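Here come two complexes built around chain A, the first alongside chain B, the second alongside chain C.
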Partner chain A sequence: MTAIFYILAGIMLAAACYVAVSRDIARAVFCFFGVLFAMAGLYIFALADFVAVTQILVYAGGVVVLMIFALMLTDKQLLENIRRGESSGPRLFRARALPSILLALAVFAVLLQVITAVDWGNMAWRHEAVAAGNRITGHENMVENVGVNLMTRYLLPFEVISVFLLAALIGAAYLARGRTNN
Partner chain B sequence: MDIALLIEKVILISVVLGISLVTAMYTTLAERKIAGFLQDRYGPNRAGPFGILQPLADGVKLFTKEEIIPREANRFLFVLGPSLAMLMACVGTAVIPWGEELEIGGRTVSLQIADVNIGILYIFGVVALGVYGIMIGGWASNNKYSLLSAIRAASQNISYEISLGLSLIALLMVTGTLSLGEIVEQQRGFNWNIWYQPLGFILFLTCSFAETNRNPFDLVECETELVGGYHTEYSSMKLGFFLFAEYINIFVASAVMSTLYFGGYNFPGMDALAQAGVSQNWITLIGVGAMFVKVLLFIFFFIWVRWTVPRFRYDQLMKLGWNIMIPLAIANIVITGVVIWLTGN
Partner chain C sequence: MTSLIIVSVLAVAVLYLGLFKYKTALLPVSVTGLLAAAAMAAMDWDLEKMYFSEMMLFDNYAVAFSILLILTTLLIFGLSRNYFEKISNNVAEYYALMLFALAGGVVMVSFHNLAMLFIGIEILSISLYVLAGIRRKDPASNEASLKYFLMGAFATGFLLFGTALIYGATGSFNLAAIASSGAFESALFRAGVLLMMVGLSFKVSVAPFHTWTPDVYEGSPGLIAMFMATVVKTAGFAAFLRLFLMAFAEASAFWAITVAILCILTLFAGNITAVFQDRFKRLLAWSSVSHAGYLLLAILAVGFSASSAVLVYTIAYSLASVAAFGIMILVSRARGNDHLDSFNGLARTNPFLAFTLTLAVCSLAGIPLTAGFFGKFYVFKVALAQGYTWLVVLAVINAMIGIYYYFKVIIAMYMKENANAVAIQLNPGFRLVLSIVVFLIFLFGIFPGLIANIL
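Let's turn to the complex of A and B:
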């Protein structure tokens, strides 16, 4: 079982690296699809099958489709020009990518700091949860669990997110409307 | 893991996959035969008696044809397109309950490959990914007709997925579970969901026509405007895979509709049979037969509509999806909610 975890994690990391350094945007988008898929597999490992399916539905089925949509509507000649303009520099990393590399390194440093600072074997909340029997064994109805918690304990964040998304939706519709007057 | 369970599942998967492929194969023949009947001609009748060897002949023909990949096409994605279309069409059968349990030598065998408790969401995810084959294939062909077709496919699928999901939400409010196994068990005998969700079923049916790219929604391969649509540049068995995936999708969509709205393997009088002392294995087998009769009727309906209803215009398609289907689906949710509230369960 652990082998499957490492295979999935390996696929995800390799695909993510390709997305970051690739110059062919079409391939990058399809590798991003691979990243999301492998991540859904990792969610299943964490016994979160509902999150895994939602990940596939929303990201793989929605967001990436929209990305490909944008890609299809982009002028091919424009993509070609960008690629040609960049082909003179070094093959993988370019000077223009320096800010993104620095940002990625900064995030990585923070993550590394957290990973090394936390004593994973002796977390207090984890021992308490295990002692109280408050843990998932994989036989519960996760959908029910998520639904009840969203409607009781996390109702306020849930509603705030709904209003936020609605605002974004209205804003998008406003920006995209046809300007007939003036 | 239990080795017997593993063998059992492998056999079950092979049988289900085999049956879906053979059904899809003969759906191609049925389509041409029924088209012939509706247009007052014979249809294929040369290969074998009544033309029953025609699908084999078609398969051999497609396999032996010359394969052409355009020079300017993106080779990797060009091959990936039909493979993905085929894969996404086949994986949908995994969560459908084909029958009750069978007793074989003291072992209870469930006729459902995986009873995951998020079955409906799984189906929905497979449907959402189904468009990838067409999009990737159409984009990689480097042909303007293929590209237009891929754009149409993407926007059509995204639009109709919304009303598909909304019509399912009303169904979930009635059933209270996402597991397909439980949904079928609740419909025991003649207590089918279609009696509680007639409008939801019509919406779901319309959306599955749109999601499988069948007439009257086959704008994706509209030959009068787009030559061959997304498969214009495809030849040989890659073309075959694209066409074949459509028939597997029809099979899966029919199975899903039978499961969700028409009781799946349940049939009227199954309790009477059990009381009359018929063994559980026979009832299960009759149930599997009932399931297949329902699936075949839906497949016939798909073909029947294709040869009777003319194709929509693209703006009509979008208007139907956004201005009619989505408001109807939301109204259906509200009505279902009010009825559940009034009846108090």
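Let's turn to the complex of A and C:
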């Protein structure tokens, strides 16, 4: 089991690093697909099988395909120009990328500090949950659990998200409308 | 809660009006709906109602800020007659998107659960990404929209990351449960607070996460920039304070120093850069950054009537911003651009506009007898009560820098001449809204007790 986890995590990290440093957008998108797929595997390790399936359906199946479409419909000359501009400097790191590297290192430092400093097995709310029998053993029907929670405790966020989606839909329709009749 | 439902349904109703081409009905329906929403919000006063398994809490804090957001939107709608028609034929979408953004704002000031905070911020943000880019043929507007979207999406990532860590530390999204969890010492909780602070700082343009502000304000249409400076900033700070007041107040020893540093950075970045601006809209954008710094002072003083100070400050700031941005729109429309030289001789051609703008910038600068003075006064007072004397001294120095650049526009209006300036025509909506704003700035500047004791 542990071996599978490390294999998945390794695939994800390697692919993510390639996405970050790659100069070729098409290859980056395909590696991003790998990241999302390995991520779905990690969700299964966290007993979140519903999230894993959603991850594959929405991200691996939808978002990446959308990205590939966007790439195919983009002006080829434009991409060439970007690549030519990019390839004139040093290959891996350049001064322009310094702020982003610093930011990434700062976030990494925060996370590293969290990982080393927290006593994971000994958190108060975990003991309470175990004592109350409120925990997942891996044999429950998680989809039912998610559905019941969405319709009871998280009903209001669930409904308010429809306002969010409507606003996004109207915005997208407005921005994408034909330019001639405007 | 009823007001949130009314605002959301109103947005859909406005869309239907647009569908059936009742363009003249858009404004009256929106205004009536908003008045109803404000009235329904006022009915919740002192009731302290909890909704839907503690997702939202309509306490007096939520009611006061909801009413402020709704009334500010109402003032902006008063200025919007014949404004959006110049941009496009499809006017209903603007009203609908602004109403959706307002619905997000109402959620942000009344959440009692981190899930609701996230959804509220996202509803507000996604409507604004589109509104910033509504002038589709204008590259500056497109750039503003894209920049805002990318920065906003990035900030959302931090916010979500922080929310997840807080959940990991406390086992709950509920503000009351987080506050009583006793996990304030754990590294997980502290990292969560830090990341949420970064995410919220992006949204309210606190330095060093403010870099998007001037470009987005400049590229957006004037009324949308006004909406960002008033409604969005008020909602953002109300949410910021509500989160830190209701959930993280016990851990204030940990985050206070970070907020103090952010406050100093924001004050100096905003004020010093504003000195060098020669376009009024960019000047207002940088001054809005600096006002975020003053508001952070109040957040430092969590517990010591900070919410009252933030309410007074945001009321004063919103009123003055409506007037300043409104006159900026009029002048740049009549004279081609918003360069400070365009304001030359305005006192001779339009004494009313010159007087209103003078009052507005005096209020922004915090001159006595205007509402802005008491905004700064209460914020400084709560910070002093907490012992942040050195911080208040720095803030006062910044207020003096502020007076310098705000007075540049007054000097342009009263002391510089422009031989071929012609009087700017005002439509009744502008005249009414500006008169109301002048009256309220004076009223709250002379009788601050009217708003200082609400919360």
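The rule is short, and it goes like this: the second predicted complex is superposed on the first by the 178 of 182 C-alpha atoms of A that agree within 3 Å, B and C clash if a C-alpha of one lies under 4 Å from a C-alpha of the other, contacts with A are read in each partner's own complex, and residues count from 1 in each chain.
Following the convention adopted for this analysis, a residue touches a chain if its C-beta (ideal position, glycine included) is under 8 Å from a C-beta of that chain, and two chains touch if they have at least 3 such contacts.
This is a predicted model, so every value here is computed, not measured.
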Putting chain B and chain C onto chain A via the overlay, clash or fit? fit
May I ask you to decide whether A:M142 touches chain B, chain C, both, or neither, giving the answer as first, second, both or neither? first
With both complexes overlaid on chain A, does A:Q113 touch chain B (first), chain C (second), both or neither? second
Which holds for A:L73: it touches chain B only (first), chain C only (second), both, or neither? first
Chain B versus chain C as contact partner of A:R23, first or second or both or neither: neither
Does chain B (first) or chain C (second) touch A:G62, or do both, or does neither? first
If you stack the two complexes on chain A, which partner ends up touching A:A124: first (chain B), second (chain C), both, or neither? second
Where does A:F50 make contact in the superposed view: on chain B (first), on chain C (second), on both, or on neither? first
Output check: A:I161 vs chain B and chain C. Expected answer is one of first, second, both, neither. What do you get? second
For A:T152 in the superposed arrangement: first (chain B), second (chain C), both or neither? second
How many degrees apart are chain B and chain C as seen from chain A, counting from C-alpha centres and rounding to the nearest 10? 130
Dominant contact partner of chain A by residue count, chain C or chain B: C
Please give the least Cα distance, whole angstrom, that chain B and chain C reach in the superposed model. 18
Across the complex, what residues on chain B touch chain A? 74, 76-77, 80, 116-118, 121-122, 124-125, 128-129, 131-132, 135-136, 139, 147, 150-151, 154-155, 157-158, 161, 178
Chain A touches which residues of chain C in the complex? 8, 11-12, 15, 51-53, 55-56, 88-90, 93, 96-97, 100-101, 103-104, 107, 113, 115-116, 119-120, 122-123, 126-127, 129-130, 133-134, 136-137, 165, 169-172, 181-183, 186-188, 191, 194-195
Using the touch rule from the top, collect the residues of chain A that touch chain C in their complex. 110-111, 113-114, 117-118, 123-126, 128-129, 152-157, 160-161, 163-164, 166-168, 170-172, 174-175, 177, 179, 181-182
Which bits of chain A are touching chain B when the two form their complex? 26-27, 30, 33, 49-50, 53-54, 56-57, 60-62, 65-66, 68-69, 71-73, 141-143
